[in-house]
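First comes the structure, then the notes that go with it.
Every chain is named by a letter (A, B, C, D, E, F, G and H) in the order it is written, and numbering of its residues begins at 1.
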Amino acid sequence: MNKFRLDEVDHQILDMLIDNTRVPFTDIAKKLLISAGTVHVRVKKMEEAGIIMGSSLTLNYEKLGYSFIAYVGVFLHNTSQTKFVLERINEIPFVTVAHVTTGKFNIFCKIRAMDTKHAKEVIFMIDDIEGVYRTETMISLDESINDKKRLMHTIFKDM
Amino acid sequence: MNKFRLDEVDHQILDMLIDNTRVPFTDIAKKLLISAGTVHVRVKKMEEAGIIMGSSLTLNYEKLGYSFIAYVGVFLHNTSQTKFVLERINEIPFVTVAHVTTGKFNIFCKIRAMDTKHAKEVIFMIDDIEGVYRTETMISLDESINDKKRLMHTIFKDM
Amino acid sequence: MNKFRLDEVDHQILDMLIDNTRVPFTDIAKKLLISAGTVHVRVKKMEEAGIIMGSSLTLNYEKLGYSFIAYVGVFLHNTSQTKFVLERINEIPFVTVAHVTTGKFNIFCKIRAMDTKHAKEVIFMIDDIEGVYRTETMISLDESINDKKRLMHTIFKDM
Amino acid sequence: MNKFRLDEVDHQILDMLIDNTRVPFTDIAKKLLISAGTVHVRVKKMEEAGIIMGSSLTLNYEKLGYSFIAYVGVFLHNTSQTKFVLERINEIPFVTVAHVTTGKFNIFCKIRAMDTKHAKEVIFMIDDIEGVYRTETMISLDESINDKKRLMHTIFKDM
Amino acid sequence: MNKFRLDEVDHQILDMLIDNTRVPFTDIAKKLLISAGTVHVRVKKMEEAGIIMGSSLTLNYEKLGYSFIAYVGVFLHNTSQTKFVLERINEIPFVTVAHVTTGKFNIFCKIRAMDTKHAKEVIFMIDDIEGVYRTETMISLDESINDKKRLMHTIFKDM
Amino acid sequence: MNKFRLDEVDHQILDMLIDNTRVPFTDIAKKLLISAGTVHVRVKKMEEAGIIMGSSLTLNYEKLGYSFIAYVGVFLHNTSQTKFVLERINEIPFVTVAHVTTGKFNIFCKIRAMDTKHAKEVIFMIDDIEGVYRTETMISLDESINDKKRLMHTIFKDM
Amino acid sequence: MNKFRLDEVDHQILDMLIDNTRVPFTDIAKKLLISAGTVHVRVKKMEEAGIIMGSSLTLNYEKLGYSFIAYVGVFLHNTSQTKFVLERINEIPFVTVAHVTTGKFNIFCKIRAMDTKHAKEVIFMIDDIEGVYRTETMISLDESINDKKRLMHTIFKDM
Amino acid sequence: MNKFRLDEVDHQILDMLIDNTRVPFTDIAKKLLISAGTVHVRVKKMEEAGIIMGSSLTLNYEKLGYSFIAYVGVFLHNTSQTKFVLERINEIPFVTVAHVTTGKFNIFCKIRAMDTKHAKEVIFMIDDIEGVYRTETMISLDESINDKKRLMHTIFKDM
């Protein structure tokens, strides 16, 4: 896991992109007193090194009618089915995160649904995957924190 | 929870932004055969309506040395402390997600750390918050899915 | 627990009232070939004996916006607080049922709420009662059976 | 889930029926200073809209020899059997309530029985349904609250 | 469950037998100022009524090398196997008590063994019974109370 | 834990007493072709060695109105209170057995009560002991085996 | 389990070897004022009696890249497979300890791995053994004590 | 965590010491066709680098009367007490291993005791440490594997 070396300029570019992925490179250049071409080259290099993997839109799911969040723990009949089950889970768009975990669950998922009725449908989709033995659901009453920006800034401050 | 009405053009604009938040408005305009000004107005309207809340960079945490992911369930002495504890948790940048949940935990967090030793420090920070009674940790052995794009596309396809 | 003796006529009257509490006594009388006065006397007697305690309307909670059902297990600091806590719970109209139970919970409640957000408020009301140590919530995805009539008919068939 | 609009008069009629389903319409009319015909029409409309689904007798189960209440959590082999198992459970009159739930159980039932021995028979009936994998029972030591009237009054006060 | 009526004399006879099952009837007679024949008749009657079922020796298991006590919870594949499994368990002399229970276990046993190694053998005997799915064992570190005499005296004092 | 040596004659005497503690010594003597005096001496020796600790009557609790059996797991605030709590538990005659145990409970009790209501009172007595933090109850639906005689015979056969 | 008698000299020899298994016998002899031959004879005797079974090197696993420690609880389909599964587990060098246990697990293992990824591989190796039904993993955040020397010294001090 | 580089000769020396820590350096030298001085220098270097931390005697605890092994999970009131509690645990020689862990326990210990009675004393010593809230014990019925040599050989084979 050979780490790519980022210098101070890279950090400052990332810091600006973290706050707003759509900030124009010319704005970054002006702020950091470098050329827009340098910004472009640096970003390209970080993309090629696999450090910047893309960007994602932050939508207000509540306003879109998707306010129901639940965590679903999945028990498998046998861990040799892990890969197969994950591929099936990956076909359910309402599962936004899935981990292979230690502890009582084999796979642990985060789902977003419209309401209780829809959540039931999504949970049943997971339950119906071959190899899935049982699921346990924990419902979110309130998503209080969902913010990777603080972590990102901290990472670059510490490096 | 009055839903903002999105029309077909809004959906198509969102579909393109979901795939790449940095796509220039002129590209969107060309593809949808509308003017860049229209794209600009539509996006602005969706931002003002609170549907588009921003964008976030997708970084490769493994390459940045942050490959350790864990879920931490938090038990409080009393739920009246929920708001206070969440504010303290919010000061720990390594906690990227936190929910108030049903089931055995009061609060359920996702953390990212460098390694076992660092994870221990982060867990102890949470444990040391006044009002926190106990925590239970479940460690991710593999983050297999972390993708909200499939959900976002599905939402706009279904609307 | 001295049981009141019900005869065949009582059973038949009850059977008709179970199906429709609003059925006029004259209809019951006609069907059973007895006088309306007899029906009146019998019902009165069963009310005085405490067998008939009243009647309740069956409303469609979904149509009234109360589609969220959850079971809340309550842990007390000390069982000597059971009576006090039940009195406080009784002041929360969204709790429709509460039992003192064996097993891991001290008190077990059924609640009806409007949605996740409202459920959280109701759960927090319970959590905030003095003497309540922790709660655990299990959410109903679907109320499939809620029917005491089958039981009532069975009881009178068996007696 | 389009909500039927109830006006103040509907609320007042419901408030009286909630307290006593057998109250004559003429009494309601007199109290609300409207005609009995209006009461009749309003109630009919609420029945047709599915808001009033019926009424049920409140019996004293203790006096009828049915003082044993338990909650039974049901684990299924596979959630695809949920519908089938619920139909079988529906044939057991001693099960008065059944929910599809989140958390560790697939189905959660409330049963009423005569005593420990009878409860065992009812639990074994559920256990013997094809597709049922295991059950866990929690026994009620005391049914302290069983009252939907407070909720109903609250709903109409808040609307 | 028609209860046999015991009078004051029966209670006093039982009280003496509870303390020492080997007390001669002549001693009881002398103490209670009745004839030995009466004692004999009364005891016979209580035996025929099934109230006195026999007597058992209280041995010191520690001195006999059987100081290891454990409780074993048994999970069955299906409760329809309960009777069959209990018959098999009944063939293992080291199981001194077995109950059909509510809660997580189907059957709950008390075992006495010589030491850890022997306990393992006994637990494996139970595990190997057809229909047994899993067992969970809780080991006694100290049997502090094992005394039915206090209960027996209380029963007769209260009657 | 120096074991007292029992010879073949002792075993045979014990075998007869196990089946019936009231068997006259003369009957034992006749059966074993030894003198009644020898039986007397042997039994006395076993009593002095602490092997025979006494005898107890086997009553039919169902017929005496005590058909409710439950196991109560007790959690203490601190194990240093174990001795104190056991002394308090020992004052409740409805607790017939109590163990200090490994696993999740500190103390594990068996109780006998008249019915659900009485069981609740007994459980609350335990709950109210100072130092008791919580209890969990598991109810017996059926006491299928309660027989130490098989064990006793096995012990003497194996020695 | 006939215990070999160790005398004071044996204890002193063991005490020195416990601290340093490589201490030359001549050093032990000098310290204890006995001949090296005596030391040799005593050690040989303790080896033949099976008291000294060998010695093991204490390496710094962290420095060797093996800093990840976890405990894995193994559930079997049937305890009759215990021996077979233990033989398969014994072929995985990363499992350093394995016990047959009471409680919820059938077998309980300690594993050492290089990191989360490697731990996942080791856990999957155990999961893939025929007869293994499920595993649960608990991760060590810090091995604070790993020292048998204190115990050994205590044993010989107490004997 | 800068890793010390070991070469092929170091590995071969370690391989011989792993099998027998008391093997004379001259034997190692002869086997590896190097001088005893080289062996000495290499071992010294590995000791100074902290790779070889010492050696420990492998005793037969069963023969020494210490055949009882248990795992004790410790819950703390607050994780800030972890360090203090570990220091107290470290004073109990019967605790041979202790970890700070994820999952439900704060600290997880392995203990060796003489028998059930002694185990109870050791568990109570842990329970009595200030800051310890509760413990849960899992008893080993059989230590089937306790062998770090396979791991050590694997490490050096793989490097």
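Going forward, a residue touches a chain if its C-beta (ideal position, glycine included) is under 8 Å from a C-beta of that chain, and two chains touch if they have at least 3 such contacts.
Chain identities (UniProt): A, B, C, D, E, F, G, H = Lrp/AsnC family transcriptional regulator for asnA, asnC and gidA.
Being a predicted model, the structure only gives us computed values, none of them experimental.
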| Repeat of the A-C interface, chosen from E-H, G-H or E-F (over half of contact pairs identical by residue number) | E-H
| field | Angular offset of subunit D relative to subunit H [C-alpha, multiple of 5 degrees] | value | 180
| query | Taking each chain's centre as the mean of its CA atoms, how far is subunit A from subunit E in angstrom? | reply | 60
| said: So the centre of each chain is just the mean of its C-alpha atoms; given that, what is the distance between subunit B and subunit G in Å? | reply: 46
| Where subunit D touches two or more other chains at once, by residue number | 67, 100, 102-103, 120, 123, 137-142
| query | Tell me, which parts of subunit E touch subunit D in their complex? | reply | 75, 78-80, 82, 100, 102-104, 106
| Which subunit E residues qualify as touching subunit H in the complex? | 67-68, 115-117, 119-120, 123, 137, 139-142
| task | Provide the residue numbers of subunit D that touch subunit C in the complex, in ascending order. | result | 1, 3-4, 14, 17-18, 20-22, 49-60, 62-67, 69, 71, 86, 89-90, 93-103, 105, 107-109, 112, 138-155, 159
| note | Within the complex, subunit G is touched by subunit E residues 70, 120, 123-124, 127-128, 134-139
